[in-house]
Every structure is written in C-alpha cells, then in structure tokens.
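In the two assemblies presented below, chain A is common to both, partnered first by chain B and then by chain C.
Coming up: the complex of A and B.
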C-alpha cells in the first residue's frame, strides 16, 4: 500500500512540475489567471459585504458568520482551481478527440490519470490571500482550538465531496461525447454550493442535500464549526462521500467500457 | 509449446453512429429523431502472434486496422469474441498488462505539446516506475540511435513531424514493452525519416525479440520490417501469411520493364496480347507475364527494338496490394480454392 501511495505521489509531483512548466511558458496568460482569481475573490466578498450594509442577518447568520462561510467556500474553490479545474475541461476535449487513448494506456488508475493531471500553479499565488481571509473570519466567529484543528480536515472533506460529485457528472461525457453542457452544469453546482443551505427551501433543498448533496459541501462543515449540535450534516456528508465514491467507481468502469475513441 | 503473445478469436467491434442531413433543417430533424447506423468495423477476426514476430497489418482506409489496434491495447472493448494479449484481457486494463505493452499512433501524440520531450519522458519514467539508471541508459541509447540528442530539451511544438515521431517512439519504448503496436508510425514522413524509423525499429526488435504489430500504407515499411502479413478488408481478414506467399497471390507472374531510346509503336506485334503499362512518352513499358515466357520475350524485344535498359522482378508487393484493394474477390476466390484442396 505504501509503495503504491509512493508511486502515485511520484507521478503527481511530475504532474505538478510539467503543469508548471507548461503554464509558465505563457507568461501573460499566467499573470492574467492570477488577477482573475484575485478579482473573483474580492467581488464575492464585496457582494456579501454590500448586502450586510443593508441587513443585519441573512437567515440565522450575521455578517461575520456568512463571510466565514464564504471564505471557507472560496478556499475550496481556490484548491479546486489549482488541483482539478483544468482537468475537467481537458477530459471533455480528450474524449472528443480520442486523446484519452493514451491516458487509458498508462499503468495507473484512470480516474487519477484523468482528473489529477493538470495543476494550475497560478492559483497558488492567491492561496495565502484566501487562507488569510479564512483565518481572519475564523477569529471573528470565535473558533475554538478544536475547530482550528478540525478546519484543514473539513476543507479536505468538502473538496473531496465536491470533486466526487463533479467526477460523477463528468463520467456522463463518455455517453454524451461533448462535455460543454456538463462542464457548465458543474459550474452551476459550484455556484449553488457557494451559498449556505438555508437559502434554499423545500424540495430543492432536500434534493441538493440528499440526492445530489452539493449543499453539504460548505454548509456541512461550517454549520458544524459554528454550532456543534449540527453534527448530523457533517455525518451526512461523510456518508454521502462514501456512497458517491462507490457510485463513481461503478459508473466510471461502465463509462470506460463505453468509450469508443475517435477514429484516427 | 509457448503461449502466443496475441490470441484473438472471433473478434467483432460494432460502432453506432447516426445519419444527419445537411443544413439547419437536417440539424433540427436529427436533434429530435436519430437514425442510427450500425457498422461492424471488425468482424470474425482471428489472429495469433508469437514472441519475436513482426506482423504487418495492412488494408485500405477504414478497413478496421486502427480499431484492431485499439482493441489489442485495451482502449476499446470488443463487441464480441475472445482476446488475450500476453495472457490478459486487454480491456480489463490490468496495471501489469499496461506496463508490458506500448502503442505508437502516427496521428496522435502522447507527448506534451508545450514542454520539451524530456519533461514528458521524465513523467513516463514515473508512470512506468523505470529506475534512474535504466532511464538514463535508455534515453542515451535511443536518442543517439535516432540522432535526436540535441532535441530532447526543445519544446515539442517546435519539432518537425519526423523529429516528433522519433520522440514518440522513444516515449513508447522507455519501459521496454514486450509487445509494441505501431499504427502508421511513418505516416507523413520524408524518405530519410522513414528509413531512420524503420532502422530503429529493426534494431530494437533485434535487441529485445519483442512482438510487433505494425500498420502502414507504405510498402517499404512492410518490406523492411515484416516477416508476416495480415490483410484486412472491410473488417475481415483477407490474407495471413509470409511476404513471399503474398507476392505469389496473383500467380508466379514476373514484371519486366524496358526503356527505349525512342517512342515505340504500341501496336507492334511483340506487345499484342500482353499485360502492358506504358509511360506517356511511350519510351518505357512494364510488362506482366508468366515466368516461363520471360526469357523468350525479353530476348525478342532486345533483339528487335532499340532497348536502352531493362529490369525484371517478381510482382512488387505494392502492385499486388493495389490489385487486391481493387479486386478483393481475388482473395475470396483464393480462400475458396484453398478450402477445396
């Protein structure tokens, strides 16, 4: 097991180094991406701050609580952009052009080869900013020592749930071939998750919590950190992650068998 | 008795596409109603390849060669039939199986376009768990054989097609595969580059005794590399045998060509009733004739006409191939007559 992990880690390090090598070949694009992330971050924070200039609470949360939630989600978004984002777009391109052929041939798990392949180094430059704001708002909402210890694990858990849902959605590209619609659907899912679950009501909230548990991504951990009585959401999140991982493995296997490759 | 490297029995692959009429109306119609088109790209294909064999898989465009290669490597799953490569089902994609094979596609690249080839090689080293010593040794040897030592650190997008193809070969052979699938590895290359690649493949094969399946439209590739030919027409195997037997498919006819000092009269009695192909200037003729008539006719032409030069050979493989592609029923008849013997 350790040998296997070490093999995957070695390959991942090369994924990172080759991605950095590619990205830094195009300097202007590299810098523009850093600015894009930067503007996205401040426009998100600015919008919520503006709303709170006119209201005291949104749902049960006051300004600092909601901004803590938002910075938590922006942190997830930053990691997502860095580790996974580009691979989703490349995947649809690879299916369409048949470039996936070579990925399938590699002696590794294909989910790993497909979705961990592209690392976006430009996002790394904004990570200290995202992290700094998360810590700042964590202090504002009085996180305890236990909460601070839990925080990194909860970030990983949230990111894992988000990407597993996205992996499953992306698997449908084996059937659809064109990935544009799926990729935009994925982005809308991320958009939904950037607001706390109490924004949504009734059936939509139930569906997005139980069937396609995108609302758990941010709301599960943040509700738990702000109120330990909300542990059920966190537990649901763990259960959902386990179930969805099995769903992913099964659908991926079927999808690979369905892959036709493009003609030469 | 050794287990064959490749054993395929009754292999079939069906693809489904749909017909779409042109224009915006066609687009709307096909959006709501699809008319599926089922096509068997490969049907009832059998093949056995043993260790050390180099097999040329030939056929016209769309015959099913690449589909076969993709099934052999586990990229796509056969609709029907049995297939074992190195004792494994390729589409189960066992890690050890994938470490023992390699695929080179002349029309697709596994190298990263925006980085030097060496960076891709280093990634492949990690993928295939090749030790540092072995990696260095392989890179040094292959780059020197292919004459690309100076190009290893150049961005792939800056390389010529021939240079890139050499890098593709290096990338595929870094892990010492036991079976290599080469899908048109010399396509689009100039004659020198083609020869370099062929020589490299020959050297590699001599050194490792690996099994190689190669598809190509260039008969020079086949002549230089293959011991055995497999012909595929419309998804079905048309011929499986040695190069020598293949050349005899159209009989034991010979091909003799004469160059004349001046233009000749095509109606000359010597040429009547013969299978001839003249050039536009009527100064050169290729004649296909039975082996037993060769000496007599050649002597007559040389003595009666102003011959400048002449050469004779068995029917070139290219000519046999061309004739079979135009008349695939020759093979069906041949199979029928072999069965009846």
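Coming up: the complex of A and C.
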C-alpha cells in the first residue's frame, strides 16, 4: 500500500513539474491568472464588506463571522484552482475529441490520471494572500488553539467533499456530446456554496444539504469552528463524503463503459 | 452596382444569422447551463441573501431599498445580464487559436461580419428568453413595471450596452493572436465589471468616494444605469449614452487596429 502511494506521489510530482513548465512558458497568461484570482478575491470581500456597512447581521452572523466563512471558502477556491480546476475543463475537451483514450490507457487509477493531471502554479502566488486573510478573520472570531489545529484538516475535508461532488457531476459528460455545460454547472455549485447555508430556506436548503450536499462544504466546518454544538453538520459532511465516494466509484465505472472514444 | 452589392451582403448576413441560430440552439442543455444557468443561479443566490438580510426586520430600509425594491433591482439586473452580457465571443478566440480564420480570409464575408451576425442571432435568442422570464416573474407578482415608456427605453439602452459588451468581448477574443488563453481576460473583465457596475449589490450601498470615481468610468452605465431606467428612477439618460457611445467607438477602433496587427502574426495553425 505504501509502495503504491509512493508511486502515485512520484507520478503526481511529474504531473506538477510538467504543468509548471507548460504554464510558465506562457508568461502573460501566467501573470493574468494571478491578477484574475486577485480581482476575484477582493470583489468577494468588498461586496460583503459593503453590505455590512448598512446591516449588523446576516442571519445569525455578524461581519467578522461571515468574512471568516468567506475567506475559508476562498481558501478552498484557491486550492481547487491550483489542484483540480484545469483538469475538469480538459476532461470535457478530451471526451469530445477522443483524447481521453491516451489518459485512461495509463497504468494508473483513471480518476487520478484524469482529475489530478493539471496543476496551476499561478494560484500558488495568491495563496499567502488568501491564507493571510483567513488567519486574520480567524483571529477576529477568536478561534481557540484546538480550532487552529483543526483548521487545516477541515480545509482538506471541505475540498475533498467539493471535488467528489464535482467528479460525480463531471461523470455525466460521458453521456453528453459536449460536456462543457457541466463545467458551468460545477461553477454554479461553487457559487451556491460560497454563502452560508442559513441564507437558503425550506426545501432548497434540504436538497442542497442532503441530496447534493454542496452547502456542507463551507457551512459544516465553519459552523463547527464558531460553535462546537454545531457538530452535526460536520458529522453529516463526513458521512456524505464516504457515501459520495462510493457513488463516484460506481458512476465512474458505468461512465467509462459508456465512453465510445470520438477519435476511434 | 452598389445597391446589388448591399443586397447580396444583407443576404449573407441573414444566412449567417440563421446558421448561428441553429448552432446556438443545437446543444440546448449546454446553452442553458452555459448562458442562462449562471445568470439564474446568480439571481437565486442574491434573492436568498437579501431575503435572509431582510428577514431580521422586514420593514427596514437600506439606502432607500425595502425588500421589494431590492428584489426588483436584482430581477432587472438578471434581465440586463441576460440581454447585455450573455455573449462571450468564445468561438472567436478559438477560431484564431486553432487556425480556423484562414477560411474567412478567402471568403467574401469578413471575420468581424461573421461574428457580428452570430452575435445578432444570439441577441434574438436572449431577448426571447428575457421576455419569457419577465412574463413568468410578472405572473407571480414579483415585478413592478413603472411604465411602458421606461420599459421600452430600458430595453433600447440595454441593447445598446450589449453592443458595447460585444466590442469589448471581441477585443478579448482577437487578443488570441498573442495569448494562449483569452478566457482569463474575459473572466477578469467580467469579475471587475460585475463588482463595479452594481450587478452584485446596488451602487447606492458603496462608499460615496468609490461611486464618485466610478462615475468617470463606463462601469456604472453597464448595469446600474439600465436597472435604474427599468425601475423608472433615472432622469439623466444622455450621460450614460454619451459615455457608452464614446467607449464603444474607442473599442471598435482598437479592435480594427489589433486585428490589422494580429493578422500579420497569424500562422494558420494546423494548415
């Protein structure tokens, strides 16, 4: 098992190094990507700050709590952009053109070779900014030593849940002639998750918590960090991650069988 | 001869519009997820956000906005986003990058003519979707129409803005002569424009010093102004028209110059 993990880690290092080589050879695009993330970050923070110039609370949270939630989600976005984002777009293109043949023929787990292939080094440049703001708002909401220890694990857990949901959504591309629209659907899921669960009401909230648990991505960990009595959401998140992983493995297998290789 | 030439050209435009219509509507799920979905989800999130804010005190007024007025603002923002900002000129950059513009260089129909005709057909589809959406929202009594005059002026102004957006998106597209990835420019432009144009929250909620600076830029005239027209609250329409006209002409000239310079670099990849 350890040998296998070590092998995958070696392969991943190669994926990263080739991605960095490719990305840095297009220097203007590389710099523009850094600015794109930068603008997105400040427009998100600015919008919430401007709203709080006129209101005291949104739902049960005051300004610093909501900004802590937002910076937590932006940190997830940053890691998502860095590790996964490009692979989703390439996946739809590869299915459409038949280039997926070369990816799935590799002697590796196909989910790994499809979704971990591209690394976006430009996002790494903004990580200190995202992390700095997360730490700043963490201090503002008085996180305890235990919370600070938990924070990295919760970030990994949230990212894992988000990408598993997105992997499942992307599997539907096997059934479509052009899967590009699914990538836009994924982005809309991210948009929904970027706000705390309490802004949604009724059936929609239940569906987005239980059926397609996108609201748990940010709300589960942050509610827990701000109030230890809200552990149920975090527990639901762990259960959801386990169940969805099995759903992914099953749908992926069916999807691969459905794939008919456009180029062949 | 000139008359014949014009009529022939109109025929080409008409055929291109028809072809583009078929292309746009061929993959309906994709069209929905790519064009309508984002605007719809954006509206859905804003509706829930403001419902949550006003739930604390349903009578509160935030910078002149009660809940009903705030939701009306965002409904009109949704309509403006659909009609004015839906077209992304995606194919344009791809045509250049994949070497497909070689065909346009020998066709008796220019590259810009083809993409403008495609944009026109897209606009017709978007208008139909916007009208349908407005019909549904009005049926549920969520929308206040101040007057039919304001509505017509609002539609005309929004279509004018869509022309501005098209020239801007065209510019990001033709940058493909130099850039590998033009989508980055497009996303950056959209992010900044959404934030500074009042698409996310009304500009009335921004600090005054920011709004004072923004008034010298085209941003407020892209979303905030057309919404105010639809809501029957705008008195000075000419200022927005002058500013948007100015920037549309500037970008059209830049597009022409960039194309002229870019075509000299064109290597017809894949030929």
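Keep this in mind: the second predicted complex is superposed on the first by the 262 of 264 C-alpha atoms of A that agree within 3 Å, B and C clash if a C-alpha of one lies under 4 Å from a C-alpha of the other, contacts with A are read in each partner's own complex, and residues count from 1 in each chain.
Note that a contact is a pair of C-beta atoms (placed from the backbone, for glycine too) under 8 Å apart; a residue touches a chain by one contact, two chains touch by 3 or more.
Owing to the predicted nature of the structure, the values given are computational and were not obtained by experimental measurement.
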| item | value |
| --- | --- |
| First (chain B), second (chain C), both or neither touched by A:198 | second |
| Touched partner set for A:33, first chain B, second chain C, both or neither | second |
| First (chain B), second (chain C), both or neither touched by A:229 | neither |
| Chain B versus chain C as contact partner of A:11, first or second or both or neither | first |
| Contacts of A:182 with chain B and chain C, given as first, second, both or neither | second |
| Contacts of A:142 with chain B and chain C, given as first, second, both or neither | neither |
| Contact breadth on chain A, by residue count: chain C or chain B | C |
| Common ground on chain A, meaning residues reached by chain C in one complex and by chain B in the other | 26 |
| In the complex, chain A residues that touch chain B | 7, 10-11, 13-15, 17-18, 21-22, 25-26, 98-99, 101-102, 104-108, 110, 256-257, 259-261, 263-264 |
| In the complex, chain C residues that touch chain A | 27, 29-34, 37-38, 41-42, 44-45, 48-49, 51-53, 55-56, 62-63, 178-181, 184-185, 187-188, 191-192, 194-195, 200-201, 205-207 |
| Complex contact set, residues of chain A against chain C | 26, 28-29, 32-33, 35-36, 39-40, 43, 46-47, 50-51, 53-55, 57-59, 176-178, 180-182, 184-185, 187-188, 191-192, 194-195, 198-201, 204 |
| Of chain B, residues touching chain A in the complex | 15, 66, 70, 73-77, 91, 93, 95-96, 98-99, 101, 103, 105, 107-108, 110, 112, 114-115, 119-120, 122-123, 126-129, 155, 183-184 |
